Amino acid sequence: MSLSPRFHEPRLQALLPDLAASAAARDRDGGHAATEKARLREAGLLNLSIPRAQGGEQLPWPDLYRAIRRLATVDSALAHVLAFHHLQVITVLIYGSAAQHDAFLIPTREQGLWWGNAMNPLDKRLIATPVAGGYRLSGIKSFCSGTRGSDWLTLSAHVEGQPYPLLAVAPTAQARQLDDWNPIGQRQTDSISVQFEDVFLPDAQVLKRPNQAPTPAQTLRNCFAQLILVNLYAGIAEGALEAGIRAVRESRAWNSAGVEQRVDDPFQQNRVGLLDAQLAGAQTAADRAAELLALAHARGAALSAEERGEVSVAIARAKVLAHRISLSASQELFEMTGARGTGQAEALDRFWRNARTHTLHDPLDYKLNQLGRWRLKGEWPNPQFYA
Amino acid sequence: MSLSPRFHEPRLQALLPDLAASAAARDRDGGHAATEKARLREAGLLNLSIPRAQGGEQLPWPDLYRAIRRLATVDSALAHVLAFHHLQVITVLIYGSAAQHDAFLIPTREQGLWWGNAMNPLDKRLIATPVAGGYRLSGIKSFCSGTRGSDWLTLSAHVEGQPYPLLAVAPTAQARQLDDWNPIGQRQTDSISVQFEDVFLPDAQVLKRPNQAPTPAQTLRNCFAQLILVNLYAGIAEGALEAGIRAVRESRAWNSAGVEQRVDDPFQQNRVGLLDAQLAGAQTAADRAAELLALAHARGAALSAEERGEVSVAIARAKVLAHRISLSASQELFEMTGARGTGQAEALDRFWRNARTHTLHDPLDYKLNQLGRWRLKGEWPNPQFYA
Amino acid sequence: MSLSPRFHEPRLQALLPDLAASAAARDRDGGHAATEKARLREAGLLNLSIPRAQGGEQLPWPDLYRAIRRLATVDSALAHVLAFHHLQVITVLIYGSAAQHDAFLIPTREQGLWWGNAMNPLDKRLIATPVAGGYRLSGIKSFCSGTRGSDWLTLSAHVEGQPYPLLAVAPTAQARQLDDWNPIGQRQTDSISVQFEDVFLPDAQVLKRPNQAPTPAQTLRNCFAQLILVNLYAGIAEGALEAGIRAVRESRAWNSAGVEQRVDDPFQQNRVGLLDAQLAGAQTAADRAAELLALAHARGAALSAEERGEVSVAIARAKVLAHRISLSASQELFEMTGARGTGQAEALDRFWRNARTHTLHDPLDYKLNQLGRWRLKGEWPNPQFYA
Amino acid sequence: MSLSPRFHEPRLQALLPDLAASAAARDRDGGHAATEKARLREAGLLNLSIPRAQGGEQLPWPDLYRAIRRLATVDSALAHVLAFHHLQVITVLIYGSAAQHDAFLIPTREQGLWWGNAMNPLDKRLIATPVAGGYRLSGIKSFCSGTRGSDWLTLSAHVEGQPYPLLAVAPTAQARQLDDWNPIGQRQTDSISVQFEDVFLPDAQVLKRPNQAPTPAQTLRNCFAQLILVNLYAGIAEGALEAGIRAVRESRAWNSAGVEQRVDDPFQQNRVGLLDAQLAGAQTAADRAAELLALAHARGAALSAEERGEVSVAIARAKVLAHRISLSASQELFEMTGARGTGQAEALDRFWRNARTHTLHDPLDYKLNQLGRWRLKGEWPNPQFYA
């Protein structure tokens, strides 16, 4: 019995062996994980973040983050897709009206709908033009993770003359999907571009108008997103460390090691010890940030900018730690396997490729800079930009 | 208002400015901090860990650890002395009978007594010989932190033919104090050797007889000690980072930096950002370990070896992180101050010397090894030896 | 004009653009680089190490190493194949008689023959059985880099009851080639296994009999091999750094960088600065080791075990430095490119995959151990084993 | 016999044991090393850099640098003083006329004079006012290493309305010495401030007038200075590693190490191996830079700005490597000694304090920046500023 049992979502745990078994092949082939996404849906995992009021399970986000992290140990691309589905659910909850909560989330639960993300804030090419009863959407949005196979998208669009982005939802079918995602890692996140060609967006689908500044409570959306990445990175690190430990357990020691079995090699022991400690630091910081985020979210509209800043600092710290351990664990994995771990069929390099690909969308240099400016100058991270 | 206010012991906070002001001079002079120890006692800080049953404050250990960490930011030697006083209190509570709790802790509270430590497990030169009604003690014990100026000592002694050490308490006045502590750091911990010369130890002072194996719950004593060190290291790191931040705020930038003020130097910002994140990882892991330790301690005699092992793993992880950040923050401090920080009067090198001295008593190599063996082979850290 | 012009083999330089242009595609496809090997041969690059006495160019090995390193910046697999060709040439020179020098190296020069390597010392499955006029060879040898498309192999074989391996050469056509090389990196080194099935090995092809201990001068063969790996790693690092520098020059800065162009980003500047310095350390150490190796080789049979040890220490030091910078430069490359560098078509991850694959065949842990044992205990690295 | 014997100045070697024996005490006391400076002079070591034309030894600078590095292994403060004496000699040679060479260096050799440094370029408080036959000097100059006990100073001064500093020499006795050097490390470098109070500076003592831009060949003076620092840092690192190796050889292993002697502890072996390799990288880069510097200096007035830049890049690379290893070796020293190495009497922390103090006068951040800007943008390091 453990002093401090951690939540493990049992339906997800049941899927992990199959997902692990196919992960190398799916990494090689890339493309869309239709079968696997169907299994996640059938297991009911799309309902985890939906409130009980809309018939969902309302799993606390700290537990949801742990579930995502666990999934990322075997497949960080699929974990990204599932996590981003839930990010869109919380986006509707944060920005939408009570009526919109019901209108979008009850069908999500009843029909097992998937949500994709078209809210990339750096890409301002999607334009919304006001018309009677809504807007017309035209333009492109890149890096729309989870779009393929989804039913609805959240999106941000620029409205001329307006200070803030319009936030809205739209049926995925209304957008053309471009086949432009073929990276070295995170290959099955479907992070393609989508194109809207003069699509009508009715007011009922608008979550936030472009003249409204987001409140501190609303900008927690970015915190929810950032903390997903933290847990993906930490999951990749844990998956790499676990793969390394398996290899060490199953291998003979190097021939000048002076011991027979690799588990008795002192250098392997200390390598595992250091990675374990560093990973524990990242995981603990991630869990702590999740608790703060849940506290902040529960505070609702009363949340102050300072409290919001406090959450974002906790997440940034965890992100720095998770970023670094994801790269070092996935690199050190090979010191654990030795040369026998370099077969392409096993694709053990996918941990590093996944970490390396995903960690670039928000550079470590500028994440450190946010933290340093806050400590030195008291500046909170900009809530509208990767924080 | 903070989302997650941390405990700050107000009486300790009130003492910090004076302790900080004299820290450099006391580091230079070394020796015994009689004045400062008197102020800690007068402030009532010796009662923090004493149970309410004995008239004490019964502060939860997670809060006590935070108080020690805070004190260590300005004076890690004094923090060690105060923390080790409380370590002896919990030692009496863990190993002593109810009668002993009253016999030793009520006077401690009423008379403001200090406790020192003569339990160094690596030094087996103190011998206890059974006699009628007790034992006779002879021999030396080294590294007895907090002995000078203390009223009572806890001690371990070897009894011939017995499998385990005898654990006991004795009045400090019964031991001769050797003047053999003059290190490069942690200079005011009074970690001298003490010598007993045929001293009678009555049964009433014996906490554990040498034929009794300690239970898992009892070996938590080592966990309490280890987690003190973790918090001392983390406190040193925080103190160094704070000193560096002060220097950056008050200094001009390097002349080719392209900015006027050092707070605007991007390299200083990112240095602070990285140290802040790494320190947060160590602190969070330390806090988490303290929660687990408190849980385990509360379980009492029911504690299993596995649960005890779980606590020791959490502490070892935090110790690895705190060890590393204490050295790197105290070294990087000087990149923040630049050459103007190298004056001997300010003694900013004391953070590094304190960290460097204290981190050697339990080598990082073998702490990593404990963690690695546990992850690879499932071996719990040896509860009787630095874990 | 440079103070210290470095050798650049002009025929090789002329080939680099084409090799660079096809490197990503050939990394993807793996298999045998027939076209590229033909071009290296046509350029006369197989003759570089052949002595003038046999009609070759007798390029000093320090220059040859620099040429290999340069080739490795664009294609470390092909560089491995070319370097190992020359390793077999020097093997014939070191172990062979004057008659064998002529018998094997004159045709190599005249006919543009390629040599492959079947001397992997860890694999003892190839057995030579003495018969009249020679031996019969049976068994398998793994990791025979450069075998495919080669004309001759050097090989080591075990002879029952004999203390040392037999060293010999054999026509590649006499061995069956197994299709068992499909790794994550160094994909075109053709490091397949070969199988001999009762093949007659005439005495004229035997370089060293199994009852002869190799002399210190002969064990320089391992030094030549080790220093090839050093220069491959350093070349990978240089290639990665150059790719990163190109990306930085062509990219816009991150949007919160406060500058327009990425070359003006202070963090990119300092990243490049650190990698440049560390790479220079590895390169300088590699060059210095090459000078020592050339000195030692020139000493011939007079070479003492201590002098041989001195060379191996210099190489081991350079190998540690090159190993580390190859991994860090190929990882940091992506901080330079940002997310736009993660396209699979460009395959910029091949630098890391190449480094990661190749650095595992002689673990860093035990290379450090050789150096440490030498410094602490005066033990020279074992000349028969990766040193 | 070694393949590649390194120069060891025998007169210096003979002094090292005594200097090592008193180093800890002199570090504690600080102040002026009069006795030790007298011994260096008596040994003839002040003549090493003086040309044969002025009766000196004209030791090649690469050898002189190695001698300085060797001295720095036991006493980096004294090494700084001796090296800076030679820096002033080369300054007179670089900037002075043939007549000045004779006028200043022949007495230096004949009378065994010491030179100190008042050329700190960041401090512009020393003013030279033109008068008939020369200038009048007034003002302060800080960080004038080697002033105490010296006979002559080189100095730079600001002349109003002039674009460049005036460079000159002056008798030390003409300046008032301030007692303002009491740092945590490099305690015996006598890097005090000096004050000139309306002192007449005759034209004969002027090396360079303030309207003359220095030529590339002249700005090599900064390269000579920078490379001194490189070798001081590398010497500190080597001294720390040697101290650590001695401690490992003389100590028992940690009690859970599984071996008796510390030299057999695998972690100690690999720690030494890594430090040895990194130090070798720094030393090799320093030697290489010294060869380039000697080449450049030999080129005389023909030296181009590009060639000068090439030298400065080589030195900057070596400086980065030496800076880093000086800090890590002096920190890791204590992992080698364990707790028994922390006695204040032995003062083994002086390696770290010396490294930490000396490395701050030219921040690593901006040294990396110079290298990065050169690699990315082709900008040579500014020859007038720490390069």
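For reference, chains read A, B, C and D in written order, and residue numbers begin at 1 within each chain.
Please note the rule applied: a contact is a pair of C-beta atoms (placed from the backbone, for glycine too) under 8 Å apart; a residue touches a chain by one contact, two chains touch by 3 or more.
The shown structure was predicted, so the numbers you read here are calculated from the model rather than taken from an experiment.
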Far-end chain from chain A, centres as C-alpha averages: D
Of B-D and B-C, pair with higher C-beta contact tally: B-D
Between chain D and chain B, distance of the C-alpha-averaged centres to the nearest whole Å: 41
Chain B and chain C: spacing of chain centres that average the CA atoms, whole Å: 52
Sequence positions of chain C contacting 2 or more other chains: 266-267, 270, 365, 369
Chain C to chain B touching residues, read off their complex: 266-267, 270
Residue ranges of chain A in contact with chain B within the complex: 1-4, 245, 248-249, 263, 266, 268-274, 276-278, 280-282, 284-285, 287-288, 291-292, 295-296, 299, 304, 306-307, 310-311, 314, 316-317, 320-321, 365, 367-373, 375-377
Residue ranges of chain D touching chain B (in the complex, touch as defined): 30, 122, 182-185, 187, 254-257, 265, 267-268, 327, 331, 334-335, 337-339, 341-345, 347-349, 352-353, 356-357, 360-361, 363-366, 369, 382, 385
